[in-house]
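Note that the chains are named A, B, C and D in the order they appear, and that numbering of residues resets to 1 at the start of each chain.
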Amino acid sequence: MTEDRMRAVQLLTPEGQRVSHPDYDITLSDSELRGLYRDMVLVRRIDTEATALQRQGELGLWASCLGQEAAQVGSARAMAPNDFAFPTFREHGVTWCRGIAPLEILAMFRGVTTGGWDPQVNKCGPYSIVIGAQVLHGVGYAMGIQFDGAEDVAVTYFGDGAMAQGDVNEAFVFAASFSAPVVFFCQNNQWAISQPRDRQSNVQIYERAAGFGFPGVQVDGNDVLAVMAVTKVALERARTGNGPTLIEAYTYRMGAHTTSDDPTRYRLAGELETWRLRDPIERLKVYLARQGIADRSFFDHIEQEGEELALHIRDGVRGMVPPRPESMFDDVYAEAHARIDEQRSEMLEYLSSFQDSVG
Amino acid sequence: MTEDRMRAVQLLTPEGQRVSHPDYDITLSDSELRGLYRDMVLVRRIDTEATALQRQGELGLWASCLGQEAAQVGSARAMAPNDFAFPTFREHGVTWCRGIAPLEILAMFRGVTTGGWDPQVNKCGPYSIVIGAQVLHGVGYAMGIQFDGAEDVAVTYFGDGAMAQGDVNEAFVFAASFSAPVVFFCQNNQWAISQPRDRQSNVQIYERAAGFGFPGVQVDGNDVLAVMAVTKVALERARTGNGPTLIEAYTYRMGAHTTSDDPTRYRLAGELETWRLRDPIERLKVYLARQGIADRSFFDHIEQEGEELALHIRDGVRGMVPPRPESMFDDVYAEAHARIDEQRSEMLEYLSSFQDSVG
Amino acid sequence: MVKAINSGLRKAMERDPKVILFGQDIGRLGGVFRVTDGLQKDFGEHRVMDAPLAESGIIGTAVGLAMRGYRPVLEIQFDGFVYPGFDQIVSQVAKFHRRMAGAIAMPITIRIPYGGGIGAVEHHSESPEAYFAHTAGLRVLTPADPQAAYLTIQQAIACNDPVIYFEPKRRYWDKGEVDESLAALELGAVADPWRARVVHTGSDVTVACYGPMVRTCLEAAEASTDISLEVVDMQSISPLDLETLASSVERTSRLVVVHEASMSGGVGAEIAAHISEKCFYTLEAPVIRVTGFDVPYPASRLEEYFLPDLDRVIDAAERVMRY
Amino acid sequence: MVKAINSGLRKAMERDPKVILFGQDIGRLGGVFRVTDGLQKDFGEHRVMDAPLAESGIIGTAVGLAMRGYRPVLEIQFDGFVYPGFDQIVSQVAKFHRRMAGAIAMPITIRIPYGGGIGAVEHHSESPEAYFAHTAGLRVLTPADPQAAYLTIQQAIACNDPVIYFEPKRRYWDKGEVDESLAALELGAVADPWRARVVHTGSDVTVACYGPMVRTCLEAAEASTDISLEVVDMQSISPLDLETLASSVERTSRLVVVHEASMSGGVGAEIAAHISEKCFYTLEAPVIRVTGFDVPYPASRLEEYFLPDLDRVIDAAERVMRY
């Protein structure tokens, strides 16, 4: 662990101290810095609220991003509007930054839809659940950027566990082969459900990249400034035709894998304590306060904004209209399909037979 | 190319000159050296004969190993009897060294069987056609060796093209994770059908290993001594509990991909000429002759043995009995299966209806 | 049922030291459904192994383990995650015995929690059994109740052929008597896993079903007052015991087939095609299928409309009676 | 037929600059069957791209290309090599439109040379169409002759849904008139790829078939003197145009279904189940299936016994006539 962190790029220590790095730096305006803080706090508030809603039976499941706010917000805020994000089911910080409404996300976890937003509007793909699959989509999208002669970049998100999947490694091969403008952003949150990262391999994740022919870099994933700095460099590299980069954001999943999980079965409480000291939000807060970039009233204001957001979410989730039964036949095909039409009619006829018998 | 070969371990130059290497060496008796020569010549003879038989319509297909004899023989002869080989469809040199009768191989290419030998007898798996699949089998077998507390090693063969497959990369992950006693032997013959190796990635194949947490080494694949030396080290490493090694044998597919292929569509004749000068058999022959390890009569004798083998193959292939139609129901399941029995009877009944009408 | 499978796995491991379990999170966590709970503790890390997150890797290495004489029992975490391992199953596991001309067997059991009804997110409620039932070289089993699960998991593991073992996850928490004194491997014809079982006798309509739908059909049989339903639990999806089913249909002369998977090309098609052929003169009505629709599994708030339920089964029975 | 598909691809590429071809060895080599011969030369390396040797990678990147507005046409080298890409097809390509609530389409065509009869080695003669036909969200097409191939490949590419396009490789070298003046996308009902085609009229027995078996069944129809066979080329395997088939069966009252794939759970099961239900009162004999057996595709010297041929089709027709 200590050794790992030696290699990780850091610009802000856990104690909120700004440090320098020989290769990476970033200059942000005060309002940008406050913006990052706001993003992280609000994302955490959404996360807390969703966890609560799941406990109350309002959501079927929730996958918490607690502790990973800096990795997600820092990388997503580094992106240009036309860059495209490919998230997994845990990237609430990413979708937040891309401008996807939190209720769109919660609708999926409530089970009223399997997806929803138009990826072209916010340049953000759907939550991917099959581990690794979306990484190939990102590479393909990046190949498309290249063919278009455009300067956008695709950013694909995945976890430490995903590094084992064939799809992720094939994505590395294709990206290298086509020198595609893609950033591979791996959040190493130390766990793939119950499987600890360090049992999978004796080398660091970022080291995988070199053997595929592109650079890898490890960044302190709880340091929003470092994450942003490193991501910006990778984006620039891709944008200027120099191909992919693998970023390993070294972070920690502070919550359970999902609300169905019981992490006490496989990890020690002490580990969580250690990581609490590295909380991504706290360290930025200390820095902002110490530098006089933000004051009490700012922090209170964000707190307040969070409460309002939570209320909005709560009401929104509870008020979600259950989908019409026959909507399951929508969007299966983009063009007319006889079998679908037939089955839809059969269902409607069957359902109306009940109404008759009731009426 | 020149740069590549700088890194490749070499003990015998294309001119048949014995050279030394700081990390690898090998000492072989004269009879062992003559044995390697004999293996390579006979394997090439089998290969030539099979190609001819295919042209005559006796085989459905043939995948030639021309030019890869040193890589195959050198690695396979490095193995201990209880080590286990996992070949692809091109490893005729490997199966030869494992003691699989050439006619067993040819039976598959003739289409009278989809396989045959008992892998336990010669410790050699079937020819694998789906690219990359057998590499995982090798890792699993190696895990089994480990659980048994045995000291055997699994050697998996695959090509440069296979490096792109998810299965091969997953095999690297599993092998590293379990520190399995396996050697990954990649014959980089510069081509995956029409796709040249150097378009796939800007780094060398052996470099892939480091990022998975085990060593990779590049060897001159046309130098049987170097291949054997490097393989022996990798085997020893695995045998003593130190896990996998990736060996990249840098070689060349001198023939077409298979007898169905037409390489003139995608590669220049000059390339072949360059590689002819690096012929694996010629260089050992020069070395043996120059060192007085073998003389004219030995070479003639091997030539003669080759002719006899070719004759044996020719007769054997032509004399192969076509399988009984109902044999397609054999070995689908190891235990009784009602549906299979039913369909077998139906087939036999149907076929006998013809005999009736004829008789 | 979770407990029954757990006990069955334990029995199999006690019986044969070559039986090893391999899958994601099956060790300390005991699997996301706790099916392997406590087994790593009791049998050690070499016999209950957590695998890296790669299904093709899990199945592919199992082929190698089987070649080395092991009897791997794999867990795929959810139905929707078996597809990355499809190639290894279809081209390797299913064909290896043939490719080796019978010289070695592939006694691999692949456990897959499957089906819907638990309010899950995408990819967690699928019924992919038809893909495997269409694949020569594989066997496919699915238990309907805890007792069957306890026995058939042991029989699957003892079988020298590869078995895809589909566990109906919505029935995981079903309680039921499990007689652990029964010796699974010595029951012979009494509990032949490859035979269908008549689990409810009736005279008007035969209802063929398997896995999660057996309980649904039994409930329909209880609830159906006018029409007498005979419920046949197919149990083995491949090979299908169509003989037992046909003899039920010979008595009732009507058949309804029920499964969760989409209708087109589902296992019900094979059952209907076969029975329509073999019982041509007996059938007084066409075989009717009650299944999921030909759409991707819907969002969970819609699953009650997707999944066949008691009403739809009875409705179908009424329809076949109308002929 | 190779030439016809080549021409169809060329037309599609000329019509829409977003159409790109992606696959192993399709560039300079022109594909192992030369289907893409000359296209890289004429359209450039960006529109006809050689892919690394990884099927999941090819299909997965195509999803991303489609998200970027491209219309990828993929080549899988042989039937037996589609399985490593199965997950991307089943969980991504098939479900993406739904997952995006219709916001974007997945106009991906996956070309797969399939079927046996060419004396090939293992994995080169398979008929995996049933897996895809059972998967909601996909369409599955297979042409039977050069003219159909020329038209339907263009229609498949123009379709906004993903289409698995199975090319009957043993018919690649079939010659036949191809009228290239026909505008594939404007033919409408005249050449609707989703409708079955009656390719030979007859009065006694309907024979349903598709792809490579159409020629076999046509030959049977020619050879059958006593029994008059009506041959229906299903053409679209998903969705199946069972309406057209049923109306033929209403005339003949007998049906034989023919395909190369294994019988159990094959497409023939769906056809037989459906027709047995819908034509219950018309059928004078059970629907009989003439198919490959439930074994892995055998060594090539056995394939003549595995594959349905003229004799087996006529034999089946005789059997249904005997009822």
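By our rule, a residue touches a chain if its C-beta (ideal position, glycine included) is under 8 Å from a C-beta of that chain, and two chains touch if they have at least 3 such contacts.
This one's a predicted model, so the numbers in the text were calculated from it and none came from an experiment.
Among the other chains, B has the CA centre that is most remote from the centre of chain C. Two chain pairs, B-C and B-D, are weighed by contacting C-beta pairs, with B-C ahead. In whole angstrom, the spacing between the mean C-alpha positions of chain B and chain C is 40.
Each chain gets a centre from the mean of its Cα atoms; for chain C and chain D, those two points are 30 Å apart.
Measuring from the averaged C-alpha position of chain A to that of chain C gives a distance of 36 Å. Chain B has residues 113-114, 130, 164-167, 170, 173, 177, 199-200, 332, 339 in contact with two or more other chains. Counting partner chains per residue, chain D has residues 52, 54, 56-57, 80, 83-84, 87, 91, 95, 98-99, 122-123, 136-137, 239-240, 264, 293-296 touching two or more of them.
Interface residues of chain D, counted against chain A in their complex, comprise 20, 46, 51-52, 54, 56-57, 59-70, 84, 87-88, 91-92, 95-107, 136-137, 139, 159-161, 194, 239-241, 243. For chain A in complex with chain B, the residues that touch the partner chain are 163-167, 169-170, 173, 176-177, 199-203, 207-213, 216. Per the touch definition, chain A reaches chain D in the complex via residues 84, 113-120, 125-126, 130, 133, 135-145, 147-148, 154, 166-167, 170-171, 173-174, 177, 330-335, 337-339.
If you check the complex, the residues on chain D that touch chain C are 56, 80, 83-84, 86-87, 90-91, 94-95, 98-99, 122-123, 130-131, 133-134, 136-137, 238-240, 261-262, 264-270, 272-274, 276-278, 280, 285-289, 293-296, 323.
Interface of chain D with chain B (complex): residues 24-25, 27-30, 32, 50, 52-54, 56-57, 80-81, 83-84, 119-123, 263-264, 293-296, 298-302, 305-306, 312, 315.
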